[in-house]
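Consider the two complexes below, in which chain A is the common component and chain B and chain C are the respective partners.
Let's look at the complex of A and B:
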């Protein structure tokens, strides 16, 4: 128990004192409450007051302090630092918010605001008197980083992390690095070729001895936590003999006659059974497609010395202090028949079309037909107000327009139509849009409600579309090819990655950061970061920006070799715990596991993982687990404090009389709630029905019903006939 | 259902349109134009039609004639798409569509065609003069006859049928009915516009450049008066001092005003004069030459030295023949005619159907 408490009540200029009687509150708490010093101050955060507090603490040997002022979001750290400077453990400090919770919201009822403030301050005093002195948790961290995904985002981050002196393990699922940009030819805005960028990054990657690249590798199992992640990776074999002579391998590759569809070129071409994604693909070691080649025994025996068919999947264990996930995106795959995809010939997606352009240097030919008129249809699989993928993929407008510019630079007599919804060539990309219109591209704007219809018409394609720029005139566009400008979607296997690392996934299925503005690359899992387009649609610069900022964050975290964490974590009372496992079951972060203690099993909390969320505490039947700084005794003392009667003098009345009052609280449901409950107990009701029956405004009923719903007093029970309103019933 | 025709833009470019592809349909031009209204929305819409190649929409539209090329739209276009110039090009295109002979289109699109036509006329006039072996006074006489017949012929066989075609596109194909009352009531518009170009005064730009409007007005009056004086009053052969003096004044007006117009075009001060199609040059230069050569011929007659300087009369005749046979029926001259009729047709289609005046 703390018995020498200092209390400081802030005027906040007049922000608080204009409504809350701060001076009266300053006189309210005395030695009986364990309060040695109680003051009202003009600005608690002012330097002069901070100095006075430090003096008070040391002169009066205070063992805890309370400041009643603004939100702890603003000044918790200010006053914790004051405590530290005076030699007091910062966990013996409690901040009470009487501005956002009293003076501001109750400016119309100053007296009640004062009464509420008194209750909150007493609760704070009670809490701090139960506070313990706790030290931050120090964790040893390994200066090694696991980067998952060697796309442009992952490669750039790996290089930076290595340059800053970290050990880097770069794990790539494919046999070759580069991700999506390896599939692209020229890229906006620089006009560089994707494959050239990949080659450049790979050379840089290889120049660092502290980067280990694993290709054909996936993450199998993850355990451990910040500072000490323990990751098993599985590496698929290439079936090329480790001692094989590269020229013989090359010869075998040239000679191989078995061809299969090439997924890398979106099946526009075939590839051999011994292959690289493209001639310059890196690492410069081909892969044997064992399924395709296994029956060609003659060929296999001819090059027996180059192949090693006995190679097996290999599992490696790695230890890393932190993890960066940069697994990128998939392109939306249209359904059969969506804008004629797969049902009308010559309908391709944008990535397919870009590949086609790359494969046709002189003349654009597809299915033996020269392609002259091309219609791009935008926002395919994106911005669907009804259905999935409501977001905009932000780079596809620019991609399509850039392809259209390439088209005219590369081939002769090309006509390009752009059937768009909105053009989003934000920032510097706008000049590409201007360039495309100036070169004569025809832009036609449609609305989501009336999408273009793609039909085959003899040898060409006919598209019907209502142009919103020409008084919604119905137009017919004749084209040789339709390109569906497909957006980005989350990787097919993002769910698995999310499960392994416990990274939350959003409604859009991309990985979620903690806060898009304030913590843009951090996840709720300590030590696990995300970067690049696995977070959401991004172009290359944006992908690299995010992965590099994650790299900087990780480096700052691991640099010192230790990490200091807030002591607000769960802790187990070893004597009481019986290892029923309930707490481990509810912990979303898997921070709890069982260990042996003496002759029994008990729960153990991994402090590096625990976020102090508190879910575990209420489920323990024997009260064996609690959260530091939020112990039962602290919380219960706060409730007691809040409910105590308060003696207060009403300054507005002339009399000197002191009035005893209770802090306002909800002793019972408001009358309206009772009426609502009475009504829905008879039969379930919808909002309009209740409004009519109780002769009350619909808005008021809605407000109360929603509050009752939130506090689990009522629950929804089916919809009415018109599917317009929910019915509500009492929740038991 | 209208079919998009991307090749149309190539066609319209030959009529002098250039930067319109840059248009991103923001509508600034329409918002800024002082002549567009709820019945006739332009120039943005016309740019859309052009980009999409909706020929039938363009052919039946009267909007291009509502524009007087003040250039406000081009000055304010955020994409420098020069909408005013497009409107001008569409007018040339329309003229070639109205012209049943197809010669207008041919000449507008090919400078070489123009030059060949001019040369043919020169050779023709000189050839006839050499072959015919007429003496000078006889020549003056034939010159006068040529003028009368060519004017009558061009009107009867070319301009009149073309106006009917224009009426068919603008009025008939849109309304599919012939409302005599409207046609009658709107006639006033035709004459007012023909003589005054009243509408151009509604333009903010023109309001600030009333000198231009006034010059234009004088030119029209001067031109029609000179035509009347030479053709009907036979200026070159008249004995009346009054008529003679009138001829001097009218021809002087023409070459002075056109001289100013040439200077304006050369200086490119305003949007209107920033881009000149060959047909614009031919129009002002030939008008100038006509005025000055007619003036000179009559002067030589009065001085009694025409005999010795007969080439001056031949020059005048060549200019006159080129004007009458090329520029009037197939060149820029027709703008003046079609624009007046366009106002008339617009008044017909925009009038509510013959509502009894009493009904209030």
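Let's look at the complex of A and C:
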């Protein structure tokens, strides 16, 4: 129980005291309430008051403080810091919101607002008197990072993390690195080849001794938490003997005559049963397709020294302080018959078409037909008002236009039609749109309600489309090939990854960050970050930006060797708990497990995982689990405090008089008001911004701005990025 | 029917990140609602204990309103289901104490829900006004049954 409490009640320059009798409240709480000091102050947040509070705390040996002022969203940390500076534990501080939740909404009923404020403050005093001094939870963290997925996002992040001195385990599901860009030829905006970028990144990866790359590897099991994740990874065998001579392996590869569909080229070509995704694929060790080769006993015995068919899946255990997931995206796969896909010959998706172009350096030929007229249909599998994928994939417009530009650079006499809904070549990508238009590409705009119809017409394809740019006239386009500009979708196995790491998945099935603007690479799971296109559609530079910012965050987290976490977590009363397991059942984060305690089992909370959500507390039948800072005594004493009887003098007649005189006085705007108005008319400003611009003390700006707000001259308009200050604009 | 001067007291449970900022918005925009509304903010509405709700009724609150996050909850996709279970359990306890189950309500309030919040408060105040002062409800009960049940341990 805290027995030496300090209470500070703020006027907020009139924002509170115009409606709530702050002076009266300042006199209301005494020693019998365990209140040693009670003051009404003009601006509680002002530096001068903060200093006075620090003095009060040490001189009077206060053991807890309450500030009744604005919303805790604004100044909770300000006053927690005051407590810390005075040597008081910040968890012995309670903020009471008598502005946003009292003086402002009840400005029409000042007397009742005062009664309510008294109840709110009483509740705050009760709560703080039950508060505990809690220390932050310190966690030892291992300076090692597991990066899942070696596409461009994962490789770049791995390199950065290694450069900053972290141990990196890079786990790639495929036998070769690079992800989607390894499948691409030339890429916008730089014109570099995807395979060249992969080779460059791989060389850089290999130059770091602190990066261990696992290919053909997947995450099997995850346990532990921030600082010490324990991850089992499964590595599939390549069936190449560890001591095999590379020249013999190469010879075997050349000689292999068994061919299967090549998934890497979207089955446009065949590949051998000993293969690499492409000639320069990395790591430079081929893979044996054991299913395809197993019956060719003669071949297998001829090269027996190169193969090792006894190899099995291998499971390795790794420990990492943090995890970065960069598992990328899949391309939307059209259904059979969607715009003629698989039902009309020569209808391909954009990734298939790009692969076809790469495979045909001289002449574009498909199904033995020279391709001259090509129609691109945009937004396939995306922006479906009624379908599953409501979002736009952002990069496919540019991808299609860039492919069209390359078409004309590479082949002669090509005509390209672009059947689009909207063109979203944002930023510099607009230059490509202009280039395509200038080279004579024909753009036809359709509406989602009337999509183009693709039909076979003898040896050609006929596309009927209503052109919304020329009074919805139905046009017929004849083409040799239709390219479906398919968007990005979440990886097929993203649900499994989500379950392993507990990363939330959005409606669009991509992984969810905490906040797209403020915490764009963090997940609700402490220590688990996401980057690249597994978060949602992104082009290469956007994918790399996000994975590098995750790398920077992770490095900052791990570099000190310890992490300090908020003490608001669940805790179990060991004497009462009977390990019924109900709390563990509802915990979304598997933060609770059972441990032995004496001769019984009880629940134990892993503080590093627990988010303090409190979901476990109401389900316990014996009330054995609670959340620190939200204990029964704290909450119930607040409820009691709201309802305690209070006596307040009725000063309504006096206050009315004061009001009128002030209003009259305020008709003359001081010069500072004019300057403030001039400044905020240009753009909305926060208090610190105004203080800087007008070279005036922050406290003076605060006082005047609050008064201007009080007289409806200005109004708040949103908060700054740190959510510390409101922006203000002129009120019309 | 209530006496004309009766002003129902409402305890609101809000959430730190989503519904409490919505309630702040109502204040910021000077949208009025009853001054007999008191708010306790928690991390998540799924963490409200039925015993806290019963404590509120015992101390004289006429109604309890849960300003939940709905689908926006960042802790659990099942938040609405958990919160609903808490309400059902509380209503069982309330019935056992002859408190009308209508005295508890839930709605999703988001961080910009200023008007909806004040609307809910007006509406709920009207309903509670019709139901009358919780103390008279308790007294009615004690008169007919000659006892008031203990606050249940939740």
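Throughout what follows, the second predicted complex is superposed on the first by the 652 of 732 C-alpha atoms of A that agree within 3 Å, B and C clash if a C-alpha of one lies under 4 Å from a C-alpha of the other, contacts with A are read in each partner's own complex, and residues count from 1 in each chain.
Rule of thumb we're sticking to: a residue touches a chain if its C-beta (ideal position, glycine included) is under 8 Å from a C-beta of that chain, and two chains touch if they have at least 3 such contacts.
This structure is a prediction, so every number in the text was calculated from the model and none was measured.
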Chosen between chain B and chain C, the partner touching more chain A residues is C
May I ask you to decide whether A:97 touches chain B, chain C, both, or neither, giving the answer as first, second, both or neither? second
Under the stated touch criterion, which partner chain does A:508 make contact with: chain B (first), chain C (second), both, or neither? neither
When the two structures are overlaid on chain A, which partner does A:473 contact: first (chain B), second (chain C), both, or neither? first
**Item:** Partner chain(s) touched by A:204 [first = chain B, second = chain C, both, neither]
**Value:** neither
For A:119, is the partner it touches chain B (first), chain C (second), both, or none of the two (neither)?
second
In the complex, the residues of chain A that touch chain B are 373, 415, 417, 433-434, 437-445, 464, 467, 469-471, 473-478
Counting only contacts in the complex, chain A reaches chain C at residues 71-73, 97, 99-102, 104-109, 112-113, 115-116, 119-120, 123, 504, 514, 524, 568, 586, 588, 611-615, 617-618, 623, 627, 630, 632, 635-636, 638-640, 642-643, 716, 726
Seen from chain B, its contact residues with chain A in the complex are 1-4, 6, 9, 19, 21-25, 45, 48-49, 51-52, 54, 79
Interface with chain A, chain C side, in the complex: residues 9, 11, 20-21, 23-24, 26-28, 30-33, 35-36, 38-44, 46-52, 55-56, 59-61, 74-79, 82, 85-86, 89, 118, 153-154
